[in-house]
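Next, two complexes with chain A in common: one pairs it with chain B, the other with chain C.
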Partner chain A sequence: MKKAFKWSNLYLWFVFILLYLPIFFLIIYSFNAGDVMQGWDGFSLKHYAELFADTRIIEIVVNTFLIALLSSLLASILGTAGALYIYDQRNQLIKNIFLSLNNILLVSPDVIIGASFLILFTVVGFSLGFASVLLSHIAFSIPIVVLMVLPRLQEMNQSLVAAAKDLGANNWQMLSRVILPVISPGILAGFFMAFTYSLDDFAVTFFVTGNGFSTLSVEIYSRARQGVSLEINALSAMMFVVSLVLVLLYYVISTRSSKNKKRGTRLVTPATEGL
Partner chain B sequence: MKSKQQRQLFYLVPYGAWLLLFVIAPLVLLLFQSLTNANGGLTLHNYAVYFGSGTYLRMTFNSVWFAFLITLITLVISYPMAYLLNQLKQKQFWLLLVILPTWINLLLKTYAFIGLLSKTGTVNNFMSFFGIAPQQLLFSDWSFLLVAAYIEIPFMILPIFNSLAEIDPKLEQASRDLGANKWQTLRRVILPLSMPGVKAGIQAVFIPSLSLFMITRLIGGNRVITLGTAIEEHFLVTQNWQLGSTIGVILIVAMVVTMILTRDRVKKNTRK
Partner chain C sequence: MAEQTPIIEFKSVSLAYGDTEILKGIDLSLEQGKFYTLLGPSGSGKTTILNLISGQLAATSGDILFENKRINDVPVEKRTVNTVFQDYALFPNMNVFENVAFGPSIKKMSKNDIERQVHDMLKLVKLDQYADRDISELSGGQRQRVAIARALANDPKVLLLDEPLSALDYKLRKDMQYELREIQQRLGITFVFVTHDQEEALAMSDWIFVMNDGVIQQNGTPEDIYDEPINHFVADFIGESNIVDGIMKTDYVVHFVGKDFENVDAGMRPNERVEVVLRPEDLDLTTIENGKLIVTIDDQSFRGDYYEITAIDDDGNEWQVQATNSAQVGERVGLTFDPEDIHIMRFNESEDDFDARLESYEDDDEE
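Up next is the complex of A and B:
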């Protein structure tokens, strides 16, 4: 028995090392004094200095976070409206149709989303750039917000709403004083998911970005095609820290806010976005 | 009742606008584009080109084959991992550690492999330690499989883990009480009950694997052409949107077929 247990631990370690090796490899080499990801020429922070002196990269990082913030905010609002509509809908058929339509963008491969959005923007005559990227990010983030908010609505105590109505609350008061406070953990979770979706996205952005505008993923892609530059490693180390903070925040929020332990800790990954 | 209608309308307008503009319209446009020629006339020519040329069919077959291999590799690695994770005490914490890499930008992870696998890279250095001459690791079918599987593993572990966590531990105990050994319990009880998770995992890995295009470019060195690569090529390089859309429609069909094949039968039965 004891021996079998050890083997299983070995396997766990093996997979964990496999999962983290490339990430730590990148981070360690960001401190290399040399210019390539091989050998070790001593510790240096020069690639970080290069990174902070590179105004193009800084601008792109700012753009990326701006897009992520704006798109997740707007997607949270629109997604919450969608969830409220679906929840309010008493006709089961219409409800199912909306739910299926909602999930289309979640299951579609990114290439399809990117290509079809590119056609859409071109047909409408919308110029490609910041706005088209923002609209696309809002669009593919909405369904995840809906899916995070809906369970909260379904768990909500119906008598709360009924009581509010009895006490003479109008629609707006009911929404702002009763419903929104109850479902706010779901909205927040949706917001975080949307934020990471947006940060992580490559394929959709790549299609709709046009010439002048670039996000981090697209920039890394074009730099990686030209070869290795340890500035990218420095950037990835910093992105790793950002992701870590985001995950911790999300984890804290989702565990703190849920009485139902199982649902609370069931994280949704940034699914297949970016693939 | 009037207030309910007002409320419904208030929610429906923004959400419905999104559905129309960004879900329905793009798909209709994609389908329409695939049915037109360069002058905008309706035609089935693109589909004739696609099905008439061995190159496209071979590419599609290859893409499906590679997606199958990627799914198989991730499944073989992930199932034991999910099973073992479930036995741990702090399993939610360890699961979080599995998921964490998925929050790291995909491009950065791919970029790491360029450093690891290049001819003078770490893996080759390591192997030369054992007297193995440097190999061309990057830009091969194997490197493509490796990197794609690496990226997909957490998406396979998560659903399998969830379905394993839902299994009532009493069932396992009952099976042991009734005289089944560990292996029989695994094969007859755990495995069938975790099938919904396996199916969800296959769905989550197979469909994106068909459409990966940045990995084929950066790691596969264009040796492997997936449906996704072909679409990107037609849209952004050769600017043949009609044929690109046709391949897109094929990809959507492949996606729908995959979803039907991996549909959760148990759920369907209970709904009836």
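Up next is the complex of A and C:
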């Protein structure tokens, strides 16, 4: 079977190869028996062994995921509440003010957010470390969740709310049994988005971390300055695989939830139960 | 409709958004166990009345009474009325059973009671085989039934239906009209049905409120409203009508299209200007000699059980005729009708005046 040759396809492949080439280069060299990225000395897993023996880096990986999980979870709750407030706001002026404030946070550079958090924490005498990183990650994740949830609310059939009230539901029952399940795909998307943003954030974390607490991106940056060890390559390779799995997971969940809404609803309830 | 205590009463209820008046001083009274229809074009305020009963909207002024208690300030979820929404508003995250069980489960009924209630309701709407289906798997007609079952599952005293049949095809709509009427009679609760379809209203209702511009134009039984429309709007909106200007010379004599006709209306000023209504189905084709009106056939189309004919008289008035016999286009024929087929409408007569006038000369007849 012959298909017509398309230049657009060729271009697409070219772009993808260009984008992924450095990553694959990095991954391939993580298996190098030598200690530098020049010259292939044979296949070896020794950098992976070094990585797993490095307790500091393991601790940092755990910290990074903990921060990502906690911050995206809390941001999902707060962001959903915020989206509900903006959606429910009848005063057009207040609605627009909140929307603009949300969007400004979304587009303002991480460096500025990081620096302003550093100033805030210093002024109020908050010690830098796990809590400061968590708080700032929650802060920059909330607008992302709002952005993902709000369209779902606006798409939602208005009469569903009317119907729930009509059938005797109070506000809480209406929220927990009708609105949240209906917008759950948006909350789920917001959660995953916030999770990945937190996972690879460098700029904000760089400003607000301290007292020996570090996340992966900051740690890799500081190590890379002392000359790249192939241990970092091994770590990057593993991170890449994890991201890939996350993306695939998200894809599977979102397609399944659109096929079978009930299953998608159940998957997201842990994230929204605290609301 | 006077003896029984009304289940719902409106006392000069108005609703306005800024300067825009949606409802203007509505008075109405609904009895237990009847099928009411609010009929009117879109924007007439009929759905607004429904939303005031359900509590989705609040009146600007006036009192809304439910079983003689003022309910203006009772929130939606505390009212014992339920609504079938125009777009059904079924919860997409629940299956058929869960949708119908929503109301009962909120009322904290026991699991067995909920199951029995849902089963009964689904049986009532003939969907008992569909309990486990997802909403997305249902056809429009089935969704409609789920919406009705869900609203009825709360045992409402009044069921509100907001143009529930408008999205269904003709055949299904006919079937549902019949079934809704049957459900209403079996349960014996009050139905308030909103529609813009006059045929639907005439077929289903015990009592019709004809609405336009935020005002009830006329209310009465389907027969009253069809046979005795109070004004041009009602005559035009309910069924097909031929409406011409006329002069009521004396009681029982009306003058239109250049001739005097005997009729059965009275109680007006001598030589009062009026509008004359003749329904197309009351007009029959006849020979020119026997015709009360002489017309030329302009257009004719076959409608299955009758011929829809458009004819023009010598003054240029257009006449719609539903005749059982056909004619030739361009042919000159006579039109005939009985004195009781002529219906007279006065300009700006209120419903109360209209009723009073009818009573006054109908009493005369009896004496």
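By definition in this document, the second predicted complex is superposed on the first by the 238 of 275 C-alpha atoms of A that agree within 3 Å, B and C clash if a C-alpha of one lies under 4 Å from a C-alpha of the other, contacts with A are read in each partner's own complex, and residues count from 1 in each chain.
In the analysis below, a contact is a pair of C-beta atoms (placed from the backbone, for glycine too) under 8 Å apart; a residue touches a chain by one contact, two chains touch by 3 or more.
The model shown is predicted, which means the values in this text are computed figures rather than measured ones.
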Clash or fit, chain B versus chain C on superposed chain A: fit
First (chain B), second (chain C), both or neither touched by A:D110: first
Chain B versus chain C as contact partner of A:N170, first or second or both or neither: both
Superposition-derived comparison: chain B or chain C, residues of chain A touched: B
Touching partner for A:P181 - first (chain B), second (chain C), both, neither: second
Which of chain B and chain C A:L216 touches, first, second, both or neither: first
Chain B and chain C, minimum CA distance [Å, superposed model]: 8
Contact residues of chain A, present in both the chain B and the chain C interface: 170, 262, 265
List of chain C residues in touch with chain A within their complex: 54, 56, 75-78, 82-83, 85-87, 89-93, 95, 102-103, 106-107, 134, 136, 150-151, 154
Footprint of chain C on chain A - complex, ascending: 157, 159-160, 162-170, 173, 177-178, 181-182, 184, 261-262, 265
Touch list for chain A against partner chain B, complex: 8, 11-12, 15-16, 18-23, 25-26, 29, 36-38, 77-79, 81-82, 84-85, 88-89, 98, 101-102, 104-105, 107-113, 115-120, 123, 135-136, 138-139, 142, 170-171, 175, 196, 199-200, 202-203, 206-207, 216-217, 220-221, 224-225, 228, 232, 235-236, 239-240, 243-244, 246-247, 251, 262, 265-267, 269-272, 274-275
Contact set on chain B toward chain A in their complex: 3-4, 6-8, 10-12, 14-16, 18-19, 21-27, 29-30, 33, 77, 80-81, 84-85, 87-88, 92, 94-116, 118, 120-122, 125, 150-151, 153-155, 158, 162, 165, 204, 207-208, 210-214, 217-218, 227-228, 231-232, 235-236, 241, 244-245, 248, 251-252, 255, 259
